[in-house]
Amino acid sequence: MFFHVQRLINEIVADEPDPGAANALQEGLGGQFGEMRTMMQYLFQSFNFRGPDAKPYRDLLQGIGTEEISHVELIGTTISRLLDGSPRYQGSPTDPVDTPGAGGAIPLELAKSAGNIHHFLVAAQGAMPVDAAGNPWNGSWVYNSGNLVLDLIYNLMLESTGRLQKCRIYEMTDNATARSTIAYLIVRDQAHENAYARALESLGVNWRTALPIPKTNAEQFPEVARLLDLGLQSKQYTFDLTAQSEAGKIFQGPSPSNDGTNLMATEQAPEGVPSVIAPERFEEFSPGLDADLLELIQATAEMEMEPVSSSFGPVT
Amino acid sequence: MFFHVQRLINEIVADEPDPGAANALQEGLGGQFGEMRTMMQYLFQSFNFRGPDAKPYRDLLQGIGTEEISHVELIGTTISRLLDGSPRYQGSPTDPVDTPGAGGAIPLELAKSAGNIHHFLVAAQGAMPVDAAGNPWNGSWVYNSGNLVLDLIYNLMLESTGRLQKCRIYEMTDNATARSTIAYLIVRDQAHENAYARALESLGVNWRTALPIPKTNAEQFPEVARLLDLGLQSKQYTFDLTAQSEAGKIFQGPSPSNDGTNLMATEQAPEGVPSVIAPERFEEFSPGLDADLLELIQATAEMEMEPVSSSFGPVT
Amino acid sequence: MFFHVQRLINEIVADEPDPGAANALQEGLGGQFGEMRTMMQYLFQSFNFRGPDAKPYRDLLQGIGTEEISHVELIGTTISRLLDGSPRYQGSPTDPVDTPGAGGAIPLELAKSAGNIHHFLVAAQGAMPVDAAGNPWNGSWVYNSGNLVLDLIYNLMLESTGRLQKCRIYEMTDNATARSTIAYLIVRDQAHENAYARALESLGVNWRTALPIPKTNAEQFPEVARLLDLGLQSKQYTFDLTAQSEAGKIFQGPSPSNDGTNLMATEQAPEGVPSVIAPERFEEFSPGLDADLLELIQATAEMEMEPVSSSFGPVT
Amino acid sequence: MFFHVQRLINEIVADEPDPGAANALQEGLGGQFGEMRTMMQYLFQSFNFRGPDAKPYRDLLQGIGTEEISHVELIGTTISRLLDGSPRYQGSPTDPVDTPGAGGAIPLELAKSAGNIHHFLVAAQGAMPVDAAGNPWNGSWVYNSGNLVLDLIYNLMLESTGRLQKCRIYEMTDNATARSTIAYLIVRDQAHENAYARALESLGVNWRTALPIPKTNAEQFPEVARLLDLGLQSKQYTFDLTAQSEAGKIFQGPSPSNDGTNLMATEQAPEGVPSVIAPERFEEFSPGLDADLLELIQATAEMEMEPVSSSFGPVT
Amino acid sequence: MFFHVQRLINEIVADEPDPGAANALQEGLGGQFGEMRTMMQYLFQSFNFRGPDAKPYRDLLQGIGTEEISHVELIGTTISRLLDGSPRYQGSPTDPVDTPGAGGAIPLELAKSAGNIHHFLVAAQGAMPVDAAGNPWNGSWVYNSGNLVLDLIYNLMLESTGRLQKCRIYEMTDNATARSTIAYLIVRDQAHENAYARALESLGVNWRTALPIPKTNAEQFPEVARLLDLGLQSKQYTFDLTAQSEAGKIFQGPSPSNDGTNLMATEQAPEGVPSVIAPERFEEFSPGLDADLLELIQATAEMEMEPVSSSFGPVT
Amino acid sequence: MFFHVQRLINEIVADEPDPGAANALQEGLGGQFGEMRTMMQYLFQSFNFRGPDAKPYRDLLQGIGTEEISHVELIGTTISRLLDGSPRYQGSPTDPVDTPGAGGAIPLELAKSAGNIHHFLVAAQGAMPVDAAGNPWNGSWVYNSGNLVLDLIYNLMLESTGRLQKCRIYEMTDNATARSTIAYLIVRDQAHENAYARALESLGVNWRTALPIPKTNAEQFPEVARLLDLGLQSKQYTFDLTAQSEAGKIFQGPSPSNDGTNLMATEQAPEGVPSVIAPERFEEFSPGLDADLLELIQATAEMEMEPVSSSFGPVT
């Protein structure tokens, strides 16, 4: 069973909208090696897991799989912010754009040359479950052979490829909003790469100097370097509410990435930051409320609500 | 940010394996109107949500979206159990099947006439992100127009269609494992149908006697009737760890389904039941460990682990 | 602009339901060489047609394209009839099936072993835009190169392949409902094959003895032989309401199929037969009306209606 | 059975070619909420319709479905015109472009940066059955649950989403060719939205002030405002040749869009405008005829043709 | 540049037709981890290869990629043989089936319950580029990250998964035709697994006891055991006509599978066996020749032919 | 069984990188009418071929199918060269780009506006099995009806469409690298068009003046004219190592393209040119080796290798 807090797993730095960067980030969200894929792959692997004796491995998959849901939330929100308000930013011929198409205006003109026209035509300046070339996310990508060693090798390759692609995205934009999330995911992908590499070490493989992949010189990516200094590539959270996870039996000892750190699984979750709700975009008819509907919304927002009894939290 | 407990949201009743029923249930997992779809649709709608004044609506989407992850876990696990051990159950020519293919045996012969041969050939008797006709889950299904009224109408239709299809699946099998989950989801789909119908009522629509859809005579489905007696169709949980959800401002008052109940959103989550790990399937080489690897696994399972510090739980 | 009459282009002979035959016929409806494909291909070719001097060729495409819409209607309705009531026919454990799932009954049990489980789970015993292997119809199949000779060669190949596949479907079932439609389409595909072959003859190609493809001995398929005796393989209708089509300039002269007939394009349309509305299927919740809704439907059906003024018909 | 007249359902205003606008319009043709989808969905719903008592509802679906074929023709032709001759318009380095690639010229250079390179590489400056992001039309989009209320809700949502997306396309271009068709379809989508909303009213739902969706201020879109003044959003044609449609029993009374009009279904069809055939595009080898072939074409165009006997028209 | 000899890379043992086994083998041909995929993946990796200093690695990919084309030929031909004549084998109501559908016969009746109806309806009892669930082969599966270590890990995983799935297919049928090819491919997949594992060893990874995956007890699969005794799992051919391949610099030394053998790359190619042409299938209209066409074919087959001059062979 | 030589089938002329041209060429590689399609279609047709008496036709398919593998190699390599180094060419802000992202640089910025962002994000400046609109290659395209005449007509249409599209690509770019390969393939497509047209002539069809399609005036494409002067459109190679091909019985006599040449099949293969390995691209982490790994690679490259014994070559 899953729970939520209204916090993002990492901060998204503010910057100008940038539809091109938003589209590049879609690969990290809905691409073949993106966060939706890792999330679904690890969750399916944990649902179908076999071998009661191998519980620490199941718990490792379950914990990382749960973290990936938060990554989907983070990168989805980042894309949404990069798109938000981009018509105005790009200098559309109407000013302001809060009267959609008034007098025949064309506030969404930039959509025709955007990375993905669907961001404006279909998704109302929001994130979509597609990759950077516009291909929808596909369930056939989820790999779960049932063979433990093979699943771990695939997962190691998957995280490394995800990190490789994010390093390339980093090199495509210097937008601070985009980079704050990309840098965070580069480092967390390495943590997961370490997790699967370490699990394979526990099954006998010796990686020597082959890891990490790619062999980035992280100090050259300033936003990444800052997070490595905090040791985020060597931590794994449990995201487990009742302390039953045994993932920490695997995620410990010297890092397979040979960076001199030790792996640590002693925190339940990062602190995160509060999430906020995006403003209206009139030119998209989103949320598309007129005065009558707004009044009804207002009435609902002011209603009383009965208190909620808690079984698994909140911590008070 | 998301969290997990090692409990299933509802109990799965034990029964014989049944690959045909497992395949029918795949529609409820990976189909166009299945749980992966609702989960992703509501999560994307909450990430991309616009209109700070409409927070209760965002929170309703977020809460139901979080519940759907647990539904994916529930139905995925159910399918896995329905498949687990089916070669032996169907009377394969080897007995036991714990020596894969020994002497040229064909323990997986039934796979050729199974609902989906991939359950045995690709997924090691586990669930897959595909529908009952074998089509992979597809991101183009996720609907998020940005227009609030339209998104709510779509969601109402989506839940109703999901419930309609599950009523049909109920009529395809009397396997108790399959039915325990299908019955639970029929009732929860109705709760979500009520949630979206109620949200539309708050925006002015009057449903009169049109709901619920389909107009099942629930007392004729015994497993469903039992859950309706408990009022599960009129409850909505928050799954929110820090009591910030305002979904309860919407989910209250008389049920739009006209069944005489009142909607209630006063519980954080159901209690759930512990989840267990499936046994090995030698004929699938899953997890495929030999004596050497088993020993290494055992060593890991016996390792010490550092305690985990908690920020968002566990409740102790 | 397009119009409709409430008549089917050919009679569908009554017989028992047969889900297996229904599924085989799906190839003729939603398959790569089925009627949806020919319909869309010829309509797109006529919308995008270039060369004002070549109007007879455009009109030939337009007329055949319009006929294909009626073929989609015919084969869709045939599939629907082959599925209709099949649960009862197969001896489901409940009798009657007009109380869906009463007492936990499983009236839709046969769905699990049907040709396509979606016929029962998704489509309520109706036709779907998919092929016989369950793949959805796909727009990438539509071929329209713009080059006239090439488009005509493709169309000739398309009709021949459609006819080849329908000859194979004929050999898969002796259900009279299925065969009445398959036989009709085999003969009409040959008429279209003749049309494109004749168009290529007008551009210089000499087919000699290569046609028809396949070289069926039609007298061995009794249902086909009857229609050949009527000369249906050598007629082309215009389906054109205002007599502007010049297709008849092409569709005349000796048949390229070398069967001794002459091509004739002197009729607007066949007479057709009235279409009827299918009965309710309670086990599918289709149309799913309860007493309240039925009463409202009845009230609507009894309403008065203003007369409709006609510009393009009806013939009175 | 279906018929055709060589007239477009609405006039296409002349303007410069505009490949970017052409590509945006593809969403309205081959997109998930475009005209091919509505056409196929309503036609399948009418083929598979259940409930002889509910004939007015079947006839409503059938009439709108038939209109959608004419919309496919209209928007397909519009896209074709927007693309036609665009190489010359964009100032390609050859002038004229009627000698394809002479001396190594690159008349199609603009294709590399067009909205969809396939418009020039595959489709010879014509329309394609794909969406604005290049995804082919897909049969899995067609929704037909068999449940009448549910199908009507889906159709209402479908028309509203189509209209929402077309409002956004309107805001992407001020090309008069594109806008003449987009404005017409915005208004006709609203007529269909009204039709399904009214059908649901007849089944008990009260929409109050929720419609139309989106709540456009139509007077701000001048091309749309003109058509609203003519009341086109409140008319429904039958497109039925023999006056058997009972759709008018539903489509009457005050508009659910609350615009003060009454719904009217008293016309068979709009008058339309004659369709014309596009000129040759040598740089595309379309139609690709040389002198020999032209002569053969000419001979065919001058042939005599036998008169066509009419059963269902023409009106003389 | 590529060449061909009219020989199959391994012998296909004769046995009865078996459409169910044919369909299971489709996974090995057109599945996500089948031979078309390995072939295309390694060929693309060799075309796009970077790093002139790493030629032995490029040559290894090129050699295995070339072998995979022969595997596609082998498994395609095997499927074709398993399907060939299956209508008669299953006891169809006509005997003989060489008069297609004579008198309304249904010789292809078994197609409706075959693993894939397309084998009979579309492919004339031949192999198709699809997987065992009927999904077409898809180019998005081809993995080529450009990062050498990552590509090698992926390839190792790919071969291991291919072998795992083929071990499962082995357990689904005891048809000797199917097993002769499956057993051969199980052993060759292990050779390729060894090749990629060895290449990674040369880059520092130490596999210890983790390989092979799966850890089959090969002596329990008699057809496999025979080939292991011949050492086929430890050989790699060059398939290189002019002795430029340096793959042998990698493929040498003790096998990473720990079976006591040494890797050897000292043969250009296996000897192979002659390939034969399948008989006609009248019920499929394949090849569909009548007396006239047969006479023309015969005339062609008897024609003289000029001698061919050879640059790269044949060895005379 | 297949073999390889380390030579390209035609020379690739050097020129500047050009990502836009690279993307246009993808249609010729991974498009519906590209080289991967022809390769797979002819190979499947030859595997599944029926009719021992028709061996010359099987051999014709086999020979052209084998040539197409070399075309895949040629166009894949061409795309790779067109992409190679393109960041530097476009004037990226870092110079040199051999330190990926140093100091936050954005060397891959151009990827956001490239024809296909995946060329830089996924494929490391290499070719992909997708078309020019980014759609992955799809197995459902492979046509093999089993009917010989029909398969030959399809193949004729396929080659003509391929050539038509390549003529359009020629008109999109004057990059010499792109054109050297496009011109070669235009001419070879015509040779294959001739082969299938000639095969149909041997079965009775008379093409008169209909061919070639398109009716290009080749002398206007200088790079093509040069190859026509060499008669490459009228030659067919066997690519057969042991002189068993009988394709020459068909491929002889006057060309169906009416260009005054005679068809000739008297050469085994063209001479070809040596292939080279591309340089490293640091900004792509491809191959991504650091000093440690480079040293290991070097050690491997310097190893001794045992000689290879040859059965089918090499020519020494």
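Order as written gives the chain letters A, B, C, D, E and F; numbering starts at 1 within each chain.
Keep this in mind: contacts are C-beta pairs under 8 Å (C-beta built on N, C-alpha and C of every residue); 3 or more make two chains touch, one makes a residue touch a chain.
Just so we're on the same page, UniProt names per chain: A, B, C, D, E, F = Catalase.
From a predicted model like this one, the values you see are computed outputs, not experimental measurements.
The chains that touch chain B as well as chain E are A, C. Two copies of one chain, chain C and chain E, touch each other, and the residues they use overlap weakly: the shared fraction of interface numbers falls below half. The most distant chain from chain E is D, comparing centres defined as mean Cα coordinates. Matching the C-alpha atoms of chain B with those of chain F calls for a turn of 180 degrees, to the nearest 5. Between chain A and chain E the centroid-to-centroid distance comes to 39 Å (mean Cα coordinates, whole Å).
Distance between chain centres (mean CA atoms), chain A to chain B: 22 Å.
Among the residues of chain E, those in touch with two or more other chains are 32, 122, 134-136, 138, 140, 145, 147, 149-150, 164, 203-204, 209-210, 213-214, 284-285, 288-289, 292-293. Taken as a graph of touching chains, this assembly fits none of the simple shapes: it is neither a line, a ring, a star nor a complete graph. Of all possible chain pairings, those that touch are A-B, A-D, A-E, A-F, B-C, B-D, B-E, C-D, C-E, C-F, D-F, E-F. Residues 99-109, 111-113, 116-118, 120-122, 134, 136, 283-285, 288-290, 292-293 of chain C are the ones that touch chain B when the two sit in their complex.
The part of chain B that touches chain C in the complex is made up of residues 20-21, 23-24, 27, 31-32, 115, 131-135, 164-165, 167-174, 179, 209-210, 213-217, 220-223. Of all the residues in chain C, the ones that touch chain D in their complex are 1-9, 30, 36, 40, 43-44, 47-58, 62-63, 66, 69-70, 72-73, 76-77, 80, 122-130, 136-140, 142, 144-150, 202-204, 238-246, 248-250, 252, 264-272, 276-281, 284-289, 292-294, 296-301, 303-315. Looking at the complex, you find that chain F touches chain C at residues 32, 135, 138, 140, 145, 147, 149-150, 153-154, 156-157, 160-161, 164, 200, 203-210, 213-214.
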